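Think of it as A, B, C and D in the order they're written, each chain with its own count starting at 1.
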Amino acid sequence: MSEFLQQVINGISLGSIYALIALGYTMIYGILRFINFAHGDVFMVGAFIGYFVAPHVISLTGGSLWIAAPIVLIVTMVGCSALGVTIEKLAYRPLRSRPKLTVLITAIGVSFFLEYGGQLVFGPDPKLFPTLIPSSSLINTQHVVIGTNSIVVILTAIVLMLLLRFIVYNTKMGTAMRAVSFDHRVASLMGINIDSVISFTFVLGSGLAAAASLLYASVYPSINPLMGIFPGLKAFVAAVLGGIGNLAGAALGGLIIGITETFVSGYISSSYRDAIAFAILILILLFKPSGILGRHDRDKV
Amino acid sequence: MDLLTLRSCTMRFGGLTAIADLSIGLAAGDLLGLIGPNGAGKTTIFNMITGIYRPSSGQVLFDGHSIVGLKPNQIADRGIARTFQNIRLFPSMTVYETVQAAYSKGVKYGLIHAVSRCGPFHTSEEETDRAIAELLEYFELETVRNEIAISLPYGQQRKVELLRALATKPKLLLLDEPAAGMNPSEKVALMGLIERVRSDFRVSILLIDHDMRVVMGICKRLVVLDYGVKIAEGSPREIQCDSKVIEAYLGEPTE
Amino acid sequence: MRLHKSGLMLIAAIVTGFAISRFEHLINPYYYQVLIYIGINIILASSLNLINGFAGQFSLGHAGFMAVGAYTSAVVTSQLHFASSSMLNTAAFSLALLLGGIVAAIFGLLVGIPSLRLKGDYLAITTLGFGEIIRVIVQNLDFLGGARGFTGIPKLTNFVWVFSTVAIVILLVSNLINSTYGKSFLAVRDDELAAETIGISSTRVKVIAFVTGAFFAGVAGALYAHFVTYINPAQFSFLKSFEIVVMVIIGGMGSIFGVILSAILLTILPEMLRSVAQYRMVVYSLLLIVIMITRPRGLFVRTRTAKQSVALKTLR
Amino acid sequence: MKTYSGILAALFTTLVILGCGGGDKGDEILIGEFGSLTGTTATFGQSTHHGLELAVEETNNAGGVLGKKIRLLVEDDQSKPEEAATAVTKLITRDNVKAIIGEVASSRSLAAAPICQQFKIPMVSPASTNPEVTKKGDFIFRVCYIDPFQGEMLARFMYNSLGFKKAVILKDVKNDYSVGLAQYFRQTFESLGGTVVAEQAYSEGDSDFKAQLTALKAAEPEAMFVPGYYIEGALIVKQARELNMTMPIVGGDGWDSSKLLEVGGQAMNNTYFSTHYSTDDTAAAVRSFVTKYSARFNERPDAMAALGYDAGLILFDAIRRAGNTDGTAIRDALAATSDFTGVTGSITIDERRNARKPLVILTVENASLKYKESIQP
């Protein structure tokens, strides 16, 4: 029972990180209808920005992590947002009216570029991520341990998700985003500037990926240029699982993948973990192709 | 016995009823016109017959057998072919290839023969080639046979689509607003062609149009639809005098 | 005479292959090796082109089929290998290639079935998932060596085997596509619904495409395994699938000749970039992005009419 | 069709022209290195490369070998076996190298070894520990010990020196090295009378191990064996400590990196791992290597760097003894290597072309490495 409880906490903590990445995937998909394969690598770049920025910030703030961490978070989010918008402008925008497949391949190209470029610039060896979240155990019994890490991860994820929800549903830009995701043409007829909405979406998505990367790196403090591949892929699976284009779905999908993976690792075998995430995905798609919370697109005749 | 029978068919999308309790009969050799204002549910009926939608309730009988629940390609195999309101040609194909695609189902050889080019392959391909050539000639399309179909003028695209449907050798042809976007003289020519096709290919036709005058000339019988409900049925003359029809069309631009 | 044209072409190709193989020892082994990789990549890209380019089903799981073929054939030859007799070797290897292809085709059927319900991105991620599942399963099978890989595969692949297969694949795909029968593939790709309404079963087309494509991916995997002589699951990850997809896209989906050229180009390019070692993957990825922006329909495809481009644009 | 043929012709021409040249210039001895300079295990490839570079520079500064300078040609294999095969073929047949050094990962060495054997070019692997590698032929050597030896020694160490009877294993299923080590450890440990009460697995590149650790903890082990690479090793130890698992944790030579303590910190206390040498070793060879390496690359050498360095020196020594650069002569000289004083100990090449040399066990106390003991073969 105690083992079970521990696994649930491990799972939620991992799942909320997946959820943050998945939100970026799902928003970009909702607006542009293509899989931004480079999203996982934006996540990776976020971790490296944090790696380079954090020591300076920490020394400037006199070592107080409670002040330093939010500053690093903001700097990283700004950095990743700038990267996301740049990628969109340079690589995706020229292709906006082209077949989705072309954009998909371009996204794969961008992903390779960031990974191999990262190996070149940052070096291929793993780096130790500095401590941003003061690590101690909140609950520490013989069998169950809950550290500040897990709690901070879960709380930050919840706050960011609520913030995102507020932006999407209660601001003018959010309304414009929803309009664009519904129909580009109609939205532009309504006087919405599609370009700025898309840029804004990349700002939000990449910012969330940046936050996720800091949380991830704080819990698992080894970062390297290829670290984005699997979390990115899993997050995408989570987005599809929840119903791609659906914010609540992405969060739910992230949690499901995180918890399932943890349970499979703990009770069956971690060697099947990567396969299990995909197996769930395939089953869901076979029985409910639009995902758990997704709406079904009907082929218009 | 009727070739096609719709027996109290209803089609609902969520809370919206697109077709309500509709019954239609079409005898072999008939040319039945289905008219009604925009949004009356005409295309929905076609989608129901061709298996794209499954009716929420009711029966669709073709040649005496129910075709509800069959897939579109199975229904096409039974002998129902259609055209689309917003022409759906294959964007990568020439006119010839488009017709070839319609023949791909009926070739007298299989995958192994296709890839190895032996057995009945060459005989069958020659037969198909001759048949396509005849059809292209009949529709006066032989000069554009190697043009990409969707690069042709609108009127010719309509013809190619009609030809593609006919190439499947249907018993029943469903034409969805074949005259849309044409000028009056083109419309007249097209109606002439449809009438000729009906007799030359011994095919029954169900034709949709929202413009009554287009179909008056060639249809012996008309069904009028409004908001998914059949409001009148009869000869063109009877329909023209029907008060409900006039009411439904009042204020409707009739081009 | 015309009746046997394909057969003659095939025989000519194989005879040429044999003739060249006579001079095998004259070719620098490095070029020889690159040539073999070119051949294997042509098989992989052409077979994926059948699924992606002709049947319009976007698959990201080709490396999985390749893995199935590679491992199946490796098991067969490790059971049947008679080093002493070249006749028996040939027989064993033929059987291994065939079985590799067949088992991969069975997996193709398994993957093809979900494709009946899924489209576009969903299909892409599902096929990617299947590929990864295959890899993970192999990784957990001890009798296949698990993560440690399968060693001691006899080196049976040579120029003749590879380029005979290349000839067969190209001929087969072009014969299929240029036949009336094959038009059903293009029809499903162009407009699935319209294809259905003229009696074409999209189910059948998709399943045939997946099974045939997987078969040849399996054969390519078997050829690969018996050339490299060592295989491990990591070689068949989704990155390998990406590589093959990129070949198809850059060659031009549905262009037989373009895909062959791009398979050649993309095998040689990394070799040419060897001198820039660490930079080469960065250069490669930049090229990929630039090509997609400037020649999105592929490097080797004639430009279509404007109207057609518009129509194709709205397709997916 | 015409333009296509044109393009095709152009492509083939490029293939033929493609980097012609290479070959001996008479005053140089060409040595080929293939390694994972990029890709998933790039960090090992680069360390080995640095070590080897240092060996080449030193040798050349001291006048070279047989009166000639050593020239090192490096090919990146992107951490992929098929790339390793191509790279080695190119080095041998296009560049005409006299010997090959590589690779760290056994999977790539296994792909390259048959090619070296075929062309009768000696290959020296710095760190491939899978026993299969040198079985590929009599031209294939290595300067490290093999997995069965290491697994056995670690099991004996845990059972005899530490005195534990109940162990658990957490291995990397994606990594052939880790799987092998786990297998040999288990065999020996059980034959000694110990029990492996639970075994769990993770995959290379993972960074969350809490699920597996929670399950292992439930088996109540006295000690844990974590064969794998340092980055995962350190994370596993760290997370284990967070989960209140205080038992001793033992790792293999994959743990040896300065990063281990950087990542693990104080959590690494009470861990042990086997390696090839200790940087604290007072032997002259080690001290000079550590000093020179740190000065040249601005980082402390890890085990891979030391093995790369030794692989180079042993090869150059063999060429010197062979008296010429003929492949067979170098092979015979390599096979006769005996008591060579390398950074990683006194190395003798045995009849299976594996290195017979001591295994060093280090422990961590107060977040710094301490020499524990050396186990002679």
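Note that in this section a contact is a pair of C-beta atoms (placed from the backbone, for glycine too) under 8 Å apart; a residue touches a chain by one contact, two chains touch by 3 or more.
Worth saying up front: this structure is predicted, and the values here are computed from it rather than measured.
Comparing the CA-atom centres of all chains against that of subunit C, the greatest distance is found for B. Among the chains, the centre nearest to the mean of all shown protein C-alpha atoms is found for C.
Each chain gets one centre point, the mean of its Cα atoms, and the points for subunit C and subunit D are 34 Å apart.
Subunit A and subunit B, compared by their mean Cα positions, are separated by 49 Å. Taking each chain's centre as the average of its CA atoms, subunit B and subunit D sit 71 Å apart. The residues of subunit B that reach two or more other chains are 52, 84, listed in rising order.
The set of subunit A residues touching two or more other chains comprises 116, 119, 269, 271, 274, 301.
Shown for subunit D are the residues that touch two or more other chains, namely 37-38, 40, 173.
Subunit C contributes residues 28-31, 33-34, 37, 139-140, 146-149, 151-152, 155, 224, 228-235, 257, 261, 264-265, 268, 271-272, 274-275, 277-278, 280-281, 300 to its touches with subunit D in the complex.
Every residue of subunit B that touches subunit C in the complex is listed here, in rising order: 50, 52, 71-74, 76-77, 81-82, 84, 88-93, 97, 100-107, 109-111, 113-118, 121-122, 124-125, 128, 148, 150-151, 164-165, 167-168. Touching subunit D in their complex are the following residues of subunit A: 3, 6-7, 10-11, 14, 116, 119, 123-126, 128, 135, 137, 140, 142, 145, 147, 216, 219-222, 224, 226-227, 229-230, 261-267, 269-271, 273-274.
Those residues of subunit D lying in contact with subunit A across their complex are 37-40, 42-43, 45-46, 173, 200-203, 205-208, 210-212, 214-215, 217-218, 231, 234-235, 242-244, 259, 262-263.
The residues of subunit C lying in touch with subunit B in their complex are 2-7, 171-172, 175-176, 179-184, 186-187, 189-191, 193-203, 208, 254, 304-305, 307-308, 311-312, 315.
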